[in-house]
Structure formats: structure tokens, C-alpha cells
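Reviewing the structure listed below.
Labels run A, B, C and D following the written order; every chain starts at residue 1.
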Amino acid sequence: MSVLVAVLLGFVVAVFAPWISRLLKDSAGWALAIVPAGLFAYFASFLPLIASGETFRESTPWVPYINIHFSFYIDGLSLLFALIISGIGTFIVIYGGGYLKGDRDIARFYLSLLMFMGSMLGVVLSDNLLTLFIFWELTSFTSYLLIGYYHEKAASRRAALQALLVTGTGGLAMLGGVILMALAGGSMEITELVNEADVIREHGFYIAILILVCAGAFTKSAQFPFHYWLPAAMEAPTPVSAYLHSATMVKAGVYLLARFNPILGGTDWWLWLVTGFGAVTMVVSAWLALSFTDMKRVLAYSTVMALGTLVMLIGMGHPYAMQAMVVFLLGHSLYKGALFMMAGSVDHEAGTRDVLLLGGLRKVMPYTFAFGTIAALSMAGIPLFLGFIGKELVYEAALGFSPAPVLIIIAAVLANIALVASSGIVIIRPFFGEFKETPKHVHEAPVSMWIGPAVLGVLSLVFGFLPFLLSDYIMVPAASAVAGVPLEFYLAIWHGINLPLILSVVTLLGGILVYKAWDNLRGSVMPGYKTAFATLPEAAYDFSLNSMLSVAYWQTLLFQSGNLRYYVMTIVGFTVLLVGYPLVSKAGIYIPVDWSDIHFYEWLLAGLMIAGVLAAATARSGLIAVISLGVVGYSIALIYLLFSAPDLAITQMLVETLTVILVALVLIKLPGVPREPSPVGRARNIVIAVSAGLMVTLTLFAAFTVPFDPFMAGYFTENSYVIAHGRNIVNVILVDFRALDTLGEITVLAVAGVGIFALIKLHNAVKQAKEEGKI
Amino acid sequence: MEPLLAIVVGVLFSTAIYLMMQRNLIRIVIGVIILSNAVNLLIFTLGRLTRASAPLIPYGQNVPLEDIANPLPQALVLTAIVIGFGLFAFALVLTYRTYKEIGTKPVKEG
Amino acid sequence: MDHLLTLPVIIPLLTGALGFLFYKNGTAQRWIGLAGTVALLIASILLLVDVWSNGIQAEQFGNWPAPFGISFVADLLSSIMITISGVMGFVVAVYAVADIDKTREKFGFYPLYHILLMGINGTFLTGDIFNMYVWFEVMLISSFVLLALGNSKAQLDGAVKYVIINLVGSAIFLMGIGFLYGLTGTLNMAELSVRLNEVDNAGLVTTVSMFFMVSFGIKAAVFPLFFWLPASYHTPPVAISAIFAGMLTKVGVYTLIRAFTLLFTQEVAYTHHIILWISGLTMLIGVLGAAAQSEVRRILSFHIISQIGYMIMGLALYTPLALIGSVFYIVHHIIVKTNLFLVGGLARKLTGSYELKKMGGLYRYYPWLTLIYAALEIDSYWIAGVALLVGLLTLFSMTKIWMAAFWTPLPGYENDTTGAGFNKISRRDMFLLVFPIVTLATLTIIIGLYPEPFYELSLKAAEDLLDPTNYINAVLGK
Amino acid sequence: MMKSLILETATKLLFPLLLMFSIFLFLRGHNDPGGGFIGGLVGAAAFALFAISSGTDKARKLLRINPTFMIGLGLFFAILSGVISVMAGTPFLTGQWAFPVVFGADLSLGSPILFDIGVYLVVVGFTLAVIFSLEEEG
């Protein structure tokens, strides 16, 4: 099995998911879980290879012309992500089957979820920038479907749209970034770009690349101030939140930064931009979590905190930070996945997930409680859990951050204090204390819904106890991949009594204090804090969306006013500009001087034509307009006759007669011909009209200065009788030399005839049909 | 003669445009007629004018004996007149129908 | 075969003529019409194959040597356009069987439709600038009639604007032709390409080229000449909108490309720079317009405008890669946009409206339609995404349709679980409506997953455009 | 339709004259000013006059065929003239000529003439379709 097959497997099975779901009913979740489980096993088989320091790459051409290939690359980083995605995915599918049991749209849940999983795998495994982008965007779309799962609720739709627009904007920015990166580095493959890192960092595009790529990563990974979409996306069913917002989608941005670190990292820009955003996000959102009582929101903001931490670590750039990053990443994925599932189970069984309405559930939901607690302890960073090791490493990394160690360490401790308090909120409140009556009659969730928290929770514990299980196989290669150079380290539970340990104790104590004071905090500072950091950014989103719409409405009213005369005005005005400018500046103005060859009656005829059109334009009565029109038409016919075009003259005469008859026929049936009412409007029209006429006349004057070569006429004259057997050359041109024109011409007449017939007759036919009730 | 006709074409074009920028549909249609005349005259003029004889080959000859007018623009204008007439007739009837159905009030599009 | 170049105009003309002979007999017209589209499809594919394997083809009508008679020329761009018009002609005709009511059928829908195709194909093939005007008019008059056919108020209002603006466009075009003839004494485009470079006053040639920029720009619906499009495209039955949406503006784009690669390359720095500005503004104004709309076909209409901007951007940049992009995008856009109109039409048939407020529920009850729409949405968004803001706005307005028509429950049936709110469509009609949609969606997916052959076609087409020597030699027989 | 005795009488006289004149104009068109378009317009004028004086019902009866049918027929003839050239192995719309002598008169018969007949028919059909519909609209 190749990696390509592994990535596409999710998509393929997704297509069949609806049938499988219908066929197997409630056990479909268990059956479909085989897919991610199998993928997990497949990726796990790469562990020995990766552990030995090797990497794996495969490439299948897709559009070789523009260097798009399905090329996949497995190193420590991508393998870590692939294992998280498929591993947690397994339990999410099972959990979803239980959570959404009997839901009418469950088939679509499987479909979107499996596609999402495939897209995520594509993101983390792609070596080609464009396929990476495509998978990246597919995660946006599939997550849109997943977030909007309860699509009949307006709030769900809004949240889904918000997530799509925010991550979509970022995605497009990222596309710009990767294209520039490919241009700067001369390749589409990340593995090749790593070798060109110096070139890219020196390149004029560097700042643009950095900003665009960060825009993509920050929006996807919900960095402040783009974080608002993530908590809002808690409208999604819990399995979705558990998957997207703990372990996968939001970590795509983190992945991207980690992946690009060897290419873009190491500069001051990178350092301050990435670390800065990460640190701010970490602190701000950690405390935001405390302003909510909805378990999922609390978890969502603590997720944003974790994302901030990860981004901050990537920005720091030194080996400790990389080490901390990968360990914290895994630790967070495990405990957050479990906690989300736990929150969902509570919600599912109790009918609410507001911690103030819950209490004493530990007896009725023992399994959920037990495994949830393990996960929460890991989140709180209690020793013996993986979360503890992660936190210790974060502190160590912060201490080692030479530019501003104190600032960062204070930020990290502050954030982690809030995290400890959050752990308390989601566990102690609902499960301890007195049992409270809830909307639903509570009992333990089915096995499908606690198996996931069980496995993930236990893993947090196992890895916490035996961290060396991780370090060699995956953590060292992963951290090395992020750093871009081989790293060596060893994970241990006990580092001795050092500064990080002391900080951990401080954190824990601080967390407990904050938890105790939570009810007071909620009543005092939290509302203001929430307004500043959660409500305002979202209001900014609404504001920018609304202003964009206002601009759209305004410009549509301006351009698409519905008034034909404005349309004509714009078009003519534009033409005058477009033609007039090169005419004056390039072609030149030529005023003819020789007027001597014009006969007296020709002057008269010209005068007649001009008088005629002016009369037609100013006439108040339709009749005068028609008569003036006739005068102009016949004068033109005379011109044709004077200059040796008898066929033309006759045709013009006949057509003019018919025209006048038709206009008269119609005019009888219509009201008069009022003029433009406002004098200003009239003046404006005159200016436009006169400049249009001037443009034509001047262009004509210029054209007459170019000598004319009538070579075509010569050919027609010679062959008209000899080959085409006709003495009337004009007629021969019409029916022979250029018969195709005439064929088109009679087609126009044919259609016009049928069209006019239909315009008048179909009207009556439709009316009749309507009366008979046929339409 | 060409310069004079160039001026006439300019005036015809101006007037046509002026009429087409008005509210009244019948005026617009009159504008269409003048516009088509202006363009035809323009093509005719650009083929250069001559007072020589019409582009006909006398009986008994294979080619004309004297200078003749350029037949090509004549043929083009003839085609254009006919096409213009077909389009105008349709526009006229369309206008008429529109008048009957909705009058002159513009329909909002935005 | 020698007459492959003639067939794309003669088949529809013959079909149209036969249709007129059976005027008022809707059934006969329909069968003749459908047979005609099949023949046209086959002929157009043969033409593409011929040009692909044998290079640029030219045919001299009436056996008069170029530049004296009228030439038809098929280079790759032309034959690609012809083929795509053959495909669209066929699928939309099938859709029309279920979409066009009996009255419109009786009053000549199919013959008119064919003559529209004839005009379109003629424009793509002709190598004579005046002849191009004639095809333009053939196309115009049949689109006028198709647009007004049915005489609803909205149709008439849209048609008046469409007709008047296009008449102005035609007049400007004809003036341009007059000037070209006055400057060079010829109408043959290959000959013009040579002779225009010999005109002493290059500035005058540039001046004259602006007449073409305006008239083709009107046809292509670029900023600020696009008004007729949003004013009219949402008014006729959707089969008509669909073929308009797919093909008509692209004729304008084609002629712009042809004119500004073959004829007017004297002052590229000036002319193509103007095109660049126009294309940028067109891209932006189009999507902004779409964002302000709340009716499916209006949204899609404004998207067309925006996407025209992309197509002529390639012409403006005037590099091989940019032109490849243009050609590829034109093909892609025609297929996707036509299909979106067809999908919109089906949604309308099911929900009873094009107004977003009144639509809903399709996600739950018509999953396959959902799937197709989703694919088309992603597709449009990705292609538009090259320009960040425009891509985002495209996504926004496409998603607006999705939110309203697919996700929101059908108004008035919020609590219904049986799908009772939808209109019933007979099995026969459903098949006729779905077949074209699925066909085009399949094509889109093929292009998406296996773009290589299309890329290669675009590549060769772009090469020919940048170096017109082959074109000129094929016509003038040098 | 205008009820007027003078008009009706005049039309009865004019109608055949106009019709003959129209055919005359058509026939001379290849060698002298005239041709399908001019001839067609004059022919249409004859029927139009008839329709205005005696009503469209009578005019339609006199014409026997529908204007739309006439249009289709005209297009058909025009295409036919092109197809003849194709069958002769030349490009579409290449003139094919024959010069038979019938009753001592030299006739030049060519596909361009057939083409011009098509033009004539379309022009008559078009004009009549317009005039009849407008007249019948009332």
C-alpha cells in the first residue's frame, strides 16, 4: 500500500459510507472505524524506519506540466501527525456512531468525517506545495460541513460560515505565500525547498511569504485575534469538536509552521511574529476559558491556549522549544480528545453541558468520570501524566528563550494557571458535589462513547509513566524534523528539583486558587474581559463582513442602476476616452484644407441631412420626427446615387420607406415622444454626444491621410464577368464573392421576422394558455 | 467630398447617441435608425468616393472600360443596411411591446 | 474531409431552416433540433481532431482565393471553442426538452437556438473581419429573440437594455471595420495582420483598435461595459440563460483575444496595459456585484463578469503562460458556469424560486445535487482564488447560495420530514434535467483530476496565438 | 387595415404590376442594379399593400404559404446552392454554372441565382411576417 492510497482511502470509503451506514445501522461506526484503525497500523509500521533516522518519500505525477505531483513525505513530524489523526480518528468514528445514534443525517456525518480525515492526512503528508494547499482547503470545506451538521439551526450555519470565511481567507493567503515560496525557491517540493532555505530567507519575497503563510496558519489555528471562530464552531456535534478542535484541523496551522520552520524560520521576523502571536494567544485565551460555563466552550478556549503555546514554541526556534512542542502537541491531542468526548457524553446523557446545572454525576456515569478525570489531570499538568512532561518542557523552553525569558515565562505560568482552573471546572463541577436534576434522565453512556476517552486517557497516563516509549521512536525524529537538524534528547518523568518544577508547583497552587475564586471572578472581572477579547474580535469580523456588503450594494446601485440611459452614457463616455486619448496623443489631429472639389448641391445635401437629424432629435411630435428621419434617409440615398452606387441607392430608398412606414405604424399606437425633462441632463447628454461625434469625425479625418489601396476592388472587377458570370459587380460580390455574408444577412432577417412574429403572437398565446390554466 | 461627409457622419453619430441617452423608448429607436445610417455612410466614405461610373460591366465587355466606383464598400454597406433593418425592426416591435407591458419606468436591477 | 470547417455553421443553419419549415409544430422542431445538436457535436469533435493532428486549417468560401473571398480558419483556439460550443449545444438542448414550455417550443425555440449556435461558431471560425460582424449579428438577433421569447415583463425590460446596448456595440464594431478597410483596403484578418503593420501611422491603428476593444468588450461584458448582462441573464428560461452564460460572453473574450493577438500588436505596451486595468476592475466589480445579490441567477451572472476578468488578464499579460491560463480557464469556465445555471434551474424547479429567501432544503432531500453544487463551488473558488480578495468574495456569494438553498429548510416546511414542499418532476423530465448536469459535472471532474490533455491543448493554442505566422500562412497559402 | 374604395381599386391594379416589377428587378439583378433583396422588397410591398387595403386574411390566403415557411424555404434554397458546390467537389458556395439554350434564348443558370432566389424568399417572408403581425395586432 502506498501513501497515496492511504491518503485517498478516506475519500473512497467516504463515498460508500452512506450505504454502509444504512446497511449496518447502529454498528456502522464500529465497522467504519476499521478504516482509521487500519491507517493507524499502516503508519505505525513506519515507526522503525523513522526511529532509525531515515525518511520516506514517494511521488506520483499529477499535472507534471506545472509541477503538481502527489508527492508524500514521511518524517518524524508528518508521522506524528498522521498517527494522531488516524488514531484519534478511530475513536471519533466509534464515538460518533454512539453519539449520533438514530440521527437521520448520520450517514453524512461518516461521509464528511472520513473525507475530512483524508484531507488532514493529505495536509500533513504532502510534500508538494500545491497538493498541500488543495488538501488544506479540503479540510476547510469538510470541516464547514461538519460544523454545520445541524444545518437547520441558524446558529450552526452562522458558525460554519464564519469558520469557512476565516479559514478560507487564510487559505488563500497561504496559497499566495506558497506560490511566492515556490517562485523564490524554484521548486514546489518542500523537501527541495529546505535546501534552498537560505535563498528564500534572503529573497525579496521573504517578508511577503512569511506574512501570507502566517496568515494561513494563524487563521487555521485560531490565533488571536482570529480565534473567535473556534469557540463559535462548538455548535458542531461533539464528535466533530473532539476531532477537529482538539487533534486535527486546528493543528494544521501548527503543522504548517512547524513544517516551514526549517525554510522560513531562524530570522528575527519569524521569531517575533510567530512567538508573539503565539504567546498573546496563549495568555488571552487561557483566561477566556474561565468566562464560560459551557463545558465545550471552556475546552475550546483551552484549546486555543494550547495552540498559542505550540505556535509560540515553534517561533522560539531553539531545540528545547522543538522538543516541548512535539511533546505538548501529543499530550494535548490525547487529553483534549478525551475531554471533548467526555463533555459530549455528559451533554448527551444529561441534556446540558452547563457546569452550573450539573453536579454529582460521578456515580451515575462512573466510566465517563474516571477516564475524563485522567485526561483532566493530564491537562492540569499533574505529575505522572504526559501533560506534566509537556508543561515542564514548555517552562524549560521559555526559560531558554534568550531574547525575553522573563516575559515568556510569566506568560506561560499565567496561562497554565488558568488551564489548571479549567481542568477543575470541567471535572469537579459536573461530577462532584450534590447530584442535580438535569433535563434528561442520566445514566452511563454506551461503551462506544467511553472507549475513546478510556484509551486516550490511559495513554496519557502510560506515556506519562514511561515517556521513553515515545522519545526514541517518534519524539526525537519529530522534533528534529521541525528543527531541520538532528536533535538528541531523552524524556524522563523526573528531572530533579529545578526551576521548571518549582514553576509547576506554583502553577498548580495558583490554579487551585483561581478555581476556588472562579464563581467570584465570573461575577466581577470576567464579563469585561470577555467583551474585550472574545466579543470585540467577533464584532470586528461582523463589521468587516458588513462593510464589504455595504460597498457591494453601493457599487451595484452605482453601476447597475437599471437606467438604460446611464448604461449608454457610460459606454459612450468610455469609448470617447478610450478612442480619444490615443487619437490626440498618438495618431494626431488632421484638419483637411482642400474643400474645393465639393459641388454646390452636395453642400446643400449635407446641410439637408444635418438639418434633418437635428429636427428629428428635437421634434416634440412623433410625426415630425418620422418625416425628418425620412428626409435624412432619402438624402443619404441621393449621396449613394451621386457617388455611383445605384444598388445602394435603391436599397436605401426602399428600406427607408419601410422604416418610415413601420415607425408610423407603431407610433400611432403609442403616446408621444417627451424629451429629457431636466436641462442639466440635457446639457450633459449634449456634451457626451458632441464629443462622440467629434471623435468619429476626427478619426475619419486622420484615416483619410492614409493612402488607400483598392486592390480588392481590382480583383472583383476583373473576375466578375469572366469567372462569376455577372455584370453587376456589387450583386456578384453579394451572391458569389462574399455570398457567406449574404447567407448570414438573410439569416438575420429570417430570425428577426420569426422573432417579431413571436413577440406579437406568443404574447396572445401565453395569455390564452394562462387563462386556461396550462402554465 | 470625404471631409464633408466625415462631418455629416459626426453629426449623425452625435445625434444618434444623444437620442439613445434619453428616457423615451421611441426616441431611442429613432436613435438606432440614425446610428445605423451614420455607420453605413462612414463605411461608404472610407471606401473613398468617386463620381466615376457605377460598378457595372457593360454588355459585350469582359471588364469595364472606364473608371468605376469601388464596389466592395457598396456591397458591405448593402449587407449592413439589410442587417441593420432587420435589427431595427425587431427593436421597434420589442419597444412597442415593452411600452404596452411596462411603460417607461426603469426596472430596478440592483 | 475538406468541409469540416463549413459544418459548424451549416449544420445549425440547416437545422434552423428545417425548423422554420415546421414552424408551429413543436414536436418536429424538437426532434430536428436534437438531431442537429448531435450532428454538430460530432462535427465539432472531428474538427478538433483534424486541427490537432494536421495543424491550422483554412477554407476559402466560393473557391475565391484569400484575401478576396471569405476565409474560415480553424486554429486550435477556434477549434477548442467550436468543440466546447458543440458540447454545450448538445447538453443544453437536452435540458431544454424538459425546461422549455410547449408554447416557446412552438414559436421556434429550437431553430432560434441553432441559429444562435451558428452565429457563435461562425464567429469562432471566420477569418474575415466583416464576416465576423455578420456572425455577430446572427448571434445577436437570435439571442434577442430567445431573450424576449415569452414576453414576460422582466424579459422585455431585460431585452430592451440588452438590445440597445448591443446595437451600440455593433455600430462601434462596424465603424472599426470601416476604419480598418479604409486604412488597409482589406478585410481578411490574416492580410490585415500583415498590412496593419505597414500603416505609417501606428498611433492611428491603435486608435482604431479601441473601437474593437469597446465593441468586443461589450460583448465580453467587461467593466465598465457589462450592464446588459446582469440586466438580462436572469430573465429567460434557464436553458436559454445557461447557453448565454456559457457561450455568449466567451465569444467576446475570443474576439478580444483574436483581435489583440492577430491584428493589434503594434503598441502592445499601450493596448494590453489598458486591458490589464480593465481585467482587474472587471474581476473585482463582478464579485462585489455578486455579493450584493440574493437571487441565484443574478449571483451567477455577476460571477461571469468577474471571471471574464480572469480570462482577459491572460491576454493582458501577453505571455505564453498567461495565455495558456486564459484558454484553459475559458474552457473550464464554460463547462462550470453553464452547469451552475442548469443546477440553479433544477433547484428552481424543485423549490419554486430563484430567490434565496424562498429556497431551501435541497441538502437533505437531494444529496446528489448537493454534491454536484459543492464540487462546482469548490472548483469556482479555487480558480478564482488566485486573486485573493476576488476568490474570497466568490466563495462568499457561492456559499450564500449554499446556505440558503441547501442548508436552510424550505420556507414553510421547517418541520416537514417527508420532502413534501418540493415540486414534483416527472421521471422523464428529471432524467432530461439531470443528464446534462451530470455530464458537465463529470467533464469538470475529468479536467480537475486529469488536466494534462487540456493543458497541452491550451499550450499549443497559446503558442499559435503568440506567433500568428502559421495562421497567416494557412490563410494566404504562402 | 384601411377601408378605402380608392385604395382597394388601386391595389387591384398595382398588385400584379408590382409583382411583375419585383420579378423583373430580381432577374436583372445579376447584370444590372436590382437583385434578390431589392426585388424581394418590392414583391413584399405588393403583398403589404394588398394586406393594408383588403385585410391580412385575404393577403394570407393569396400568398397561400406562411411567411415563416417562406423564410425557411428561402434559407433552404440558399443552403442548397452551397451544397450543390460541395457535391461538385468545390468549397461551399462556389458558383456552378450551366448555359443551356432553351427556345433559342441563351440562359445562364448558376447556383448563385439559386442563392439569390433564397434571398428573395427570405426578404419577402421577413417583410410580410412583420407587416402581417403588426397589422393583426390592431
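The working rule: a contact is a pair of C-beta atoms (placed from the backbone, for glycine too) under 8 Å apart; a residue touches a chain by one contact, two chains touch by 3 or more.
All of these numbers come straight from a predicted model, not from anything done at the bench.
> Across the interfaces A-B and B-C, which one involves more C-beta pairs in contact?
So, comparing the two chain pairs, more contacts are at A-B.
> Find the most central chain, measuring centrality by the gap between its CA centroid and the centroid of all protein CA atoms shown.
Central by C-alpha mean position: chain C.
> So how far apart, in whole Å, are chain A and chain B when each is placed at the average of its C-alpha atoms?
That pair's centroid distance is 51 Å.
> Between chain A and chain C, what distance separates the C-alpha centroids? Give it in angstrom.
Computed from C-alpha means, the inter-chain centre distance equals 27 Å.
> List the centre-to-centre spacing of chain A and chain D in whole Å, with centres computed as mean CA coordinates.
62
> Could you check chain C for residues that touch two or more other chains and list them?
Those would be 13, 16-17, 20, 23, 61-62, 108, 130, 134, 137, 141, 144-145, 148, 151, 160, 164, 168, 175, 179, 182, 230-231, 292.
> Could you tell me which residues belong to chain D and also touch two or more other chains?
31-33, 37, 68, 71-72, 75, 79, 82, 92-93, 95, 126, 130, 133-134 - these are the residues of chain D that touch more than one other chain.
> Can you list the residues of chain B that touch 2 or more other chains?
16, 20, 28, 38, 42, 46-48, 54, 56, 59, 72, 76, 78-79, 82-83, 86-87, 89-90, 93-95, 97, 106-107, 109-110
> For this assembly, give the contact graph shape among line, ring, star, complete and other.
Looks like everything touches everything, fully connected.
> What part of chain C is in contact with chain A in the complex they form?
For chain C paired with chain A, touching residues are 13, 16-17, 20, 23, 61-62, 64, 67-70, 101, 103-104, 106-108, 111-112, 115, 118-119, 122, 130-131, 134-135, 137-138, 141-142, 144-145, 148-151, 160-161, 164-165, 168-169, 172, 175, 179, 182-187, 199-204, 206-208, 210-211, 213-214, 218, 224-225, 227-228, 230-231, 267, 270, 274, 285, 288-293, 363-364, 367, 374, 378, 381-382, 385-386, 388, 391-393, 395-396, 399, 403, 406-409, 414, 417, 451-452, 455-456, 459.
> For a test of understanding, state which residues of chain B touch chain A in their complex under the given definition.
So the residues of chain B in touch with chain A come to 1-24, 26-30, 33-34, 37-38, 40-42, 44-59, 61-64, 68-72, 74-79, 81-83, 85-90, 92-97, 99, 106-110.
> Spell out the part of chain C that touches chain B in their complex, as residue ranges.
For chain C paired with chain B, touching residues are 130, 133-134, 137, 140-141, 144-145, 148, 151, 153-154, 156-157, 159-160, 163-164, 167-168, 170-171, 174-175, 177-179, 181-182, 230-231, 292.
> Can you list the residues on chain A that touch chain C in the complex?
By the definition above, chain A touches chain C via 18, 63-66, 104-105, 108, 134, 137, 141, 148, 151-152, 157, 161, 164-165, 168-169, 171-173, 175-176, 548-549, 551-553, 555-556, 559-560, 562, 564, 567-568, 570-572, 574-575, 578-579, 582-583, 585-588, 696, 699, 702-706, 708-712, 715-716, 736-741, 743-745, 747-748, 750-752, 754-755, 757-759, 761-763, 765-766, 769, 775.
> Within their complex, state which residues of chain D touch chain A.
29-38, 41-42, 45, 67-68, 71-72, 74-75, 78-79, 82, 92-93, 95, 97, 108, 110, 112-113, 115-116, 118-119, 122-123, 125-127, 129-130, 133-134, 136-137
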